[in-house]
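Consider the two complexes below, in which subunit A is the common component and subunit B and subunit C are the respective partners.
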Partner chain A sequence: MDSTNFIMRFFEWLMTFEPKALILSASAIGAGFAMIAGIGPGIGQGYAAGKGAEAVSRNQKTQRKSIFVMLLGAAVAETSGILALVVALILIFGNPLVDIEGNTLVLMASAIGAGISMIAGMGPGIGQGYAAGKGTEAVGKRPILQSQIVRTMLVGQAVAQTSGIFALVISLLMLFGNPLIGLEGTEIILMASALGAGLAMIAGIGPGIGQGYAAGKGAEAVGKRPKFQAQITRTMLLGQAVAQTTGIYALVIALVLLFANPLLRL
Partner chain B sequence: MEPITGKALILAASAIGAGLAMIAGIGPGIGQGYAAGKGAEGVGRQPEAQGDIVRTMLLGAAVAETTGIYGLVIALILLFANPLVRML
Partner chain C sequence: MGVEGFGPRIVFHIGSIPVTETVTVTWLIMLVVLIFSILATRNLKREPKSFQLVVEQIVDVINGMTKQNMGERNSGWAPFVGTLLIFIGLSNVIGLFGFRPPTADLNTTMSLSITTFVLTQVFGVKSKGLGGYSKGFLEPIPFLLPLNIIGELANPISLGFRLFGNIVAGVIIMTLLYGALGSFTESLLGLAVPFLQAGVPAVLHIYFDLFAGLLQSFIFTMLTMVFVSGAME
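Presenting the complex of A and B:
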């Protein structure tokens, strides 16, 4: 093939380095990608903090309860940030890809893909933070309903975590049980599939934000009409289930790319 | 490294493209979640209208789903019925 082809040249240049160096540098990039997830908890918890300040300014007597709900909700919103941190730390300190025998390019792509996948954590962070803020606001208004409001908030937040967990699963699969590494096939297709699987999981941002919004509104509604908690929660969960669909589509595409890749057979 | 054939390049790009297409899922997720929230709010305000509220919410959510499905269709085409390879 004509070596003026820039992709070929790029790969030839890459191959002048030793394989280990390449995998390690890809891991560094992957770790960086993973940490982008931190945007989410930042936005979400900031919203919760704002709602906390607002609640306290409106009614100082409920300060303790408002702050408790704010911190509880914000702690949940932290989850995806911590999951991303764990993946980044694995890539940096306990990278399993370094010791694996396999195609260097595929291993590199897996490290980067595992990081990209974690970007999805942005969604749950924002959504759960919104729920925390709305929960805080509702408790600040009617502190007597704290337990009902918190219960609906936590249920909603738990659902909002789903797509973050999907992303974590794909990320860990690529690091610890990567099916692409042992496969026979054109290396550039294997490599691109690992990247594609990671990219697909970014979709998880949406369900995370949306479901978190629903959780917040659910908590708000329970604060207004606690008698109808069951109906409110049911409607919230139904809507959240629908909001999950695109996250599941992304998971399916990522799993197809990893385990039943049709491109390798073409 | 073995030379990259044109076909391999197209297939590799298809894998990345399929992944990128799925990013579209962000939108329906956010939008449908907002609808779910407003649905919960509405049922809280008027519990006796739950049926109507949920129906309207699901109708709206179904419309919001479309672009997510478009993304899925493109990804599936790229993976399983890739027309680009045949054009080479």
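Presenting the complex of A and C:
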């Protein structure tokens, strides 16, 4: 027993591998993490499909319109899954970190962090799926209002995507414009900052679900009172902006960790 | 941010300035829009015939969309809204013809979203006055001022990245798919006859280029209208 400290022994064990092998294996882990986001669209689209079936059972004549709205909404809910897939594919096929000269541990942490960040995609997936379901339900009840309902649903869904897009921004920053790699500092802090920035973005799950709920209720409300569409949409957007708050906190913390890390100066 | 490997190719240099595919494809789109506009506005008749009917339909749809989302008195925004819709729509769909969409470049999408951001601020100040407009940042309680400012600044970022992320996702997935199909047929036949590349990607092209492209151009335009009219009320 040369060292009883498990973490120290783990790092010593890591250092027995080549740097390139370490970065590649970290990319594999990151790609796996990114795909966890798939939980969200799965749940959301399932909900939308359920609402679609319900709408058709209630009124068979609306089948075509209900299915159209369901597919449209479900396709939007797929976005965060596709973005996660893209980050995973970049990590596997076009990894920019492999060619960068820099501290191996920091590069490893960046690859894993970029993957973890994408987990946030779960939220928008669930939320947008809920909105798609509510939109389908509303169109099933009053197919005449299809265009108004779909418009409110799409705007709400687009806003619900925001936290997933923040996660993508952080993820791409860590892969392509990582400021931590060139920094001087204790390597363990740099490494932990990259992981921390990724972890912070997971908060995006919350705003994604919440804003999706707002979008769904907005679509439902427009389906009941199309006259007040402007007011409904405005109230929905205001509430969604407030629901975005914690996601913006997460983005700020992640950006601070990457660009203006106070921990390095301590 | 240089997206090596998946980024736009540099076509040629003017002096020391690199000109990328993004710029040249944008020129192409400008040319298409210009020629279409010249053809569409030639020989306008009181009683429209075939081609003029289509053009009038497009103008009608854009006018109607603007009025419905921004209110009757803001119908003067229709030309701007229409330009955004047509330019982003064409940029996204041009991937079908084998070009790289200009919107798969962060420079294009961010300049579009910053345009929206500046318009939102300018027209917010114009219609409410500087005092009234800045008071909006102190609501619902003054304590939230820094958060309101960050939230306002986050809007153009998410607007630009939403478009960029969706389009570049399609570009990356299609590039990888073509590569994979190419090497698959080669190992299958031992010949470099990429017959699988002819039919298989069509479905994905329809989803990523046509469906997602048109949807995202619509979403960008809708959010622009909502932001601008929201700041003016």
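We adopt the following convention: the second predicted complex is superposed on the first by the 263 of 266 C-alpha atoms of A that agree within 3 Å, B and C clash if a C-alpha of one lies under 4 Å from a C-alpha of the other, contacts with A are read in each partner's own complex, and residues count from 1 in each chain.
Criterion: a contact is a pair of C-beta atoms (placed from the backbone, for glycine too) under 8 Å apart; a residue touches a chain by one contact, two chains touch by 3 or more.
Only a predicted model underlies this, so the values are computations on that prediction, with no experimental measurement involved.
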Overlay on subunit A: subunit C relative to subunit B, clash or fit: fit
Which of subunit B and subunit C A:A75 touches, first, second, both or neither: second
Winner by number of subunit A residues touched, once subunit B and subunit C are compared: B
Contacts of A:V155 with subunit B and subunit C, given as first, second, both or neither: second
First, second, both or neither for A:S193, with subunit B first and subunit C second: first
Subunit B versus subunit C as contact partner of A:K65, first or second or both or neither: neither
Touched partner set for A:A214, first subunit B, second subunit C, both or neither: first
Inter-centroid angle subunit B-subunit A-subunit C after superposition on A [Cα, multiple of 10°]: 120
Subunit B versus subunit C as contact partner of A:T245, first or second or both or neither: both
Subunit B versus subunit C as contact partner of A:I90, first or second or both or neither: second
Which of subunit B and subunit C A:K51 touches, first, second, both or neither: neither
Least Cα gap, in Å, left between subunit B and subunit C after the two complexes are fitted on chain A: 8
Doubly contacted residues of subunit A, that is, touched by subunit B and again by subunit C: 233, 244-245
For the subunit A and subunit C complex, residues of the former touching the latter: 72, 75-76, 79, 82-83, 85-86, 89-90, 93-94, 96, 151, 154-155, 158-159, 161-162, 165-166, 168-169, 172-173, 176-177, 230, 233-234, 237, 241, 244-245, 248, 251-252
Complex contact set, residues of subunit A against subunit B: 1, 5, 7-8, 11-12, 15, 105, 123, 127, 163, 186-189, 191-193, 195-200, 202-218, 220-222, 224-225, 228, 231-233, 235-236, 238-240, 242-247, 249-250, 253-254, 256-257, 261-264, 266
Touching residues on subunit C, where the partner in the complex is subunit A: 1-6, 68-69, 71, 147, 150-151, 154, 157-158, 161-162, 165-166, 168-169, 172-173, 176, 207, 211-212, 215, 218-219, 222-223, 226, 230, 233
Touching residues on subunit B, where the partner in the complex is subunit A: 1-5, 7-9, 11-20, 22-45, 47, 50, 53-54, 57-58, 61, 65, 68-69, 71-72, 75-76, 79-80, 82, 85
